[in-house]
Amino acid sequence: MEEKTLHIVIVGHIDHGKSTLVGRLFYDTGCLPPDKVEELKRISAEMGKELEFAYMMDHLEEERQKGITIDIAHTFFATPKRRYVIIDAPGHKEFLKNMITGSSQAQAALLLVDISQGIKEQTRRHCYILGLLGIKQVAVLVNKMDMVDYSEASYKAIRAEIGSVLGKLNIKPAYIIPIAARLGDNIAGKSDKLPWFKGPTVLEALDSFSTNEAQTTRLRFPVQDVYDVDGEKTAVGRVESGVVRKAQDVYILPDGTKGRITAIKQFMRDDIGSATVGECIGVTSGSALKRGQIVVDEVSSTITDTIRANIFWLIDKDYKIGIPLTWKCATQEAKGKIEKIHKRFDPASIEVVEEGAKEIRPAEIAEVEIKLDRKVVIDRFSDIPEMGRFVLEHMGHPVAGGIII
Amino acid sequence: MDHLSELENKSIFIIREAYYRFKDIAVLWSIGKDSTTLLWLCRKAFFGKIPFPVIHIDTSYKFPEIYAFRDEYAKKWNLDLIVGKNEEEIKKGMGPTKGAKLDCCNELKTNALKATIARHGFKALLLGIRRDEHGIRAKERVFSPRDENFKWNYEDQPAELWDQYKSTAEEDNHFRIHPILHMTELDIWKYVQRENIPMTELYFSKNGKRYRSIGCKPCCSPVESEAATVSDVIHELETSHTSERAGRAQDKEDAYTMQKLRSLGYM
Amino acid sequence: MTGKTENKTPKVLLVGLDGIPCTLIGDYMEKGLLPEFKKILGDGFALHQMDASVPDVSSTSWTSFMTGVNPAEHGIYGFTDLKPGSLNIFVPNSRNVAAPAIWDIIGKTANGRTSTLHRDYSGAFKRPLRSIVLNIPQTFPALELNGILTAGFVCPDLRKGTYPEKAYDYLNSIGYLSDVDSAKAAERKDEFFSEIFLALEKRMHAYEHFLRNEEWDFFAGVITETDRLHHFFFDAAYDAKHADHEVFLRFYGELDRVVARLYELFMDMTDGRGLFLTMSDHGFTTLKEEVYVNAWLKKEGLLNLDGRKEYFEQIDAGTKAFAMDPARIYINIEGRYPGGSVANGEKEGVVNEIKERLMKLTNGEGRPVIREVRENRELYSGPLAGKGPDLVCLAHDGFDLKANLKKDEVFGKGHFNGMHTSYDAHCILPKGVEITKRLHIENLAGIILEHLKNGTAA
């Protein structure tokens, strides 16, 4: 089995079968503990249904009653190839912040479309967000094929529709798979009811995805804190990009001071020569470091107090130009506000609602210009994602996520 | 980077974020495998010396092995140990047999913890909970704000994107911070094995039984198991599928039912 | 609060007598052994022979009683079942009962469950009626209802088996026994006998308490000890020379008084207008030989087992069919079970072959064993029919069919001396209740609901 776990997010319109699919994946991979099966049966029986996989994910009574998943829920399953963490993103518009929270942790996405309903508003919204979040590995699952008697013609019709909608959103699905989640068709095993479909099952599609994210070689080491380790000021943090080496010459941004890595430290490890992406380390460099500084190998970052970005508005209150915000990116934090709203659009329709707007409304996406009270270090999201995405807070509450363009 | 290192680094990042944000922070240590692993990760994050207190909530009903382990490692790891205890209720004789079990937990655990937090003015607590423990835990955030009544508003949680954890707002009384939320029970044991983290012997089989999760002596029952070492436990987990919290009462019920059916000639 | 209230509903009191055969009641009355029963019949009641569910095990039969529908609607085919798509055994509990029980229908706690009976009666009650349900099997864990419930067999935890908590506190305080230890019957029979008398006494104590002190419209109390006694000592029922005949009769004498006491209390409480009935979930007869269906299947080359595994996971390649207790036969259909080896198209052939061969099965003395083999489609109708066995065997009296996987010989005899029968359950009903055809256990819920409905409509 592969060492790495793939995080997948499942998105789609409410009622298109997300929770059912998740329950199925668990059941069919034998990853459901017997007591969970019992619980599932009990709940299904109490609800008067034979075996309702949807209840796997919907753990809270309230959700069961509403029949929706209100929050991201992580669950684990495995195929012989690797382990998966499923993030069951919810379907309701008002829970968009949960969908985004879930999707922000995903490396691949399953997009569910109910064959009888096609791509609905919510699905478009979710696709748009997946596109913005840079999730490239996407499989579309055309669900409820049993409702159309497993008709190839119906599948072909919806496949064309999906292709045209996703094309506009810059998503190129790896597969478009006809399934019946409730009955397990094409989930773990090839369905004999869909002999005309030659593509992979859902599990095969997942196994074909990669856990490796594109990595850049440029060093980005945001300083998280400074500790006193054996009498030495040591800057701790996580390497977000590239490699840091002992005796390496570096720049400390945003000031641009030069420095040299004199030691790399981890507890109970001696003489560390280098550390790579994802590693939490401490470094000494001769110069005094502090949180929020970014250690880089060469100055290829942008150092600026003005940021142009696409942001998605997470809360159910409007934003009006000028309201103060806190900008958080890696370990950097700065005060500021949105100065310009170039465009705001409703991702559900993929249409621009207004240009040169004065406010952003709940669940909208906007292309904005943010003005900060000091210079910060950024990269474009497409170059170094870790340094190209940020969160905006207002009075201590996260209100938006953003992607630097 | 391998899987366990990935998990470890994620945890250390969270622990350091938490400490940067809250100087009045503490870690909760039940002496169980999860919180002992969390403690180990804290030691790694701070190069051996945890710079904040370690709280043990003592209900007075813990296993003797738990007390022995606590005292041994509090010393070895140079911990600033705070023992939280609801002395008043313990004196009054509160216990799982006397009062209802829920009252006992509420008084000796929840209220003892509340009092400890209040007494020391902690603004944040590190907890060793995991997403795979129970469905509702799957919904936890890494930084989870609580109001003064400890209430967790699961319906309306802040967004948590890209390791940006929510800043403190006015109504946030304190934060629960979950650095090992992303680990599974199996991950924990594999990490314990790799790091050679000491664990109380209650987890290992004696006379065909071991504890899968530990707490107060009267309310824990062991499961049938021959797993006597960490690798045995890992093997057992890889080949069995029951979730750990179910291991307690359910086993007893099933055994009873089977025995009853057999006594009437079924099975 | 008192049971004697102003409300106009003619109440229903049902006394369940687990495993008491109709013929035994008739015979014992004739011999003067059940004077109180005889008195009740003299008050305008009739004794009916009744069909149990098929299979005739308590879990299935009681569930058919309480839901008033067949297993294809309620989903309980035995004490054990297999998890869908697997060979893993599990014990279905109350949460696996897919149809609402009488008390759910009248108390409006169906909570999404439905059934043909429920659809007929869901609108019949203006106010939710309150039920006291004591010791009906297959009700553990106790689910919320409008009233009180303590679960019958199997009840591994009285607290979880009782709703609400207050009722548990009471039962616990009187030392109520949810079941006796049947394992004692074989070797420590004195202890076993004293336990069944004690359990009966505790039940009477609890039933009377609830009957008098609670508000209710429907009251059901079940006595389980008869079934336990019968399993081990039914051979003593008619045999005056049997060492345990006297104690057998003594127990029936006690039971006679218990039933009479409940009857009198009820009649007093309702001024004679309530519906009183007693019933059993199956009959009993003397067990002569045990017949191990899986051993037979093995001998016939239809079942291969891998002895290193447990229960039904032992089922190995090439298996065509296997049996679960008591004699539910499942064809090992491809896709339904892992390693299933009978294609859907071959199923009918296998079914016919098994039927034919089973009908020819005889014991050492050449006596035929099987009375009838019935197919799923003849027995069950409803959404859960697919969960049911493909065939169910019914044996001639004396041959107790079992699905033990460990036996290699087809015939044997253990310490059991009684076996269930499907055709000889009983029901005592007022003569006023019109019975047009042979009673089936599934009919009783309808009779009860009809009575309660007419009461509330008034």
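In order of appearance the chains are A, B and C, and numbering begins at 1 in each one.
As a convention for this text, contacts are C-beta pairs under 8 Å (C-beta built on N, C-alpha and C of every residue); 3 or more make two chains touch, one makes a residue touch a chain.
Computed from a predicted model, the values in this text were never measured in an experiment.
**Q** Chain with the smallest distance from its CA centroid to the overall CA centroid?
**A** B
**Q** Mind naming the chain pair that shares the most C-beta pairs in contact?
**A** Among the chain pairs, A-B has the highest number of C-beta contacts.
**Q** Would you kindly tell me how far, in whole Å, the mean C-alpha position of chain C lies from that of chain A?
**A** 54
**Q** So, what's the distance in Å between the C-alpha centres of chain C and chain B?
**A** A distance of 44 Å separates the two centres.
**Q** Any idea how many Å lie between the Cα centroids of chain A and chain B?
**A** From the centre of chain A to the centre of chain B is 28 Å.
**Q** Which positions in chain A touch two or more other chains at once?
**A** As it turns out, chain A has residues touching two or more other chains at 34.
**Q** Touching chain B in the complex: which residues of chain C?
**A** 57, 79-80, 91, 153-154, 156-157, 179, 181-183, 228, 231, 325-326, 400, 402, 404, 414, 416
**Q** Per the contact definition, I'd like the list of chain A residues that touch chain B in the complex.
**A** 3-5, 30-36, 57, 59-60, 62, 70-76, 85, 97-98, 100-101, 104, 224-225, 227, 229-230, 234, 236-238, 265-268, 276-280, 282, 291, 314, 326, 328-329, 386, 389-391, 393, 395-398, 401
**Q** In the complex of these two chains, what residues of chain B are touching chain C?
**A** Listed in rising order, the residues of chain B that touch chain C are 249, 252-254, 256-261, 263-267.
**Q** Can you name the residues of chain B that touch chain A in the complex?
**A** For chain B paired with chain A, touching residues are 1-3, 5-6, 8-9, 12-13, 16-17, 19-20, 43-48, 131-132, 134-136, 138-139, 154-155, 157-162, 164, 166-170, 172, 182, 184, 241-243, 246, 250.
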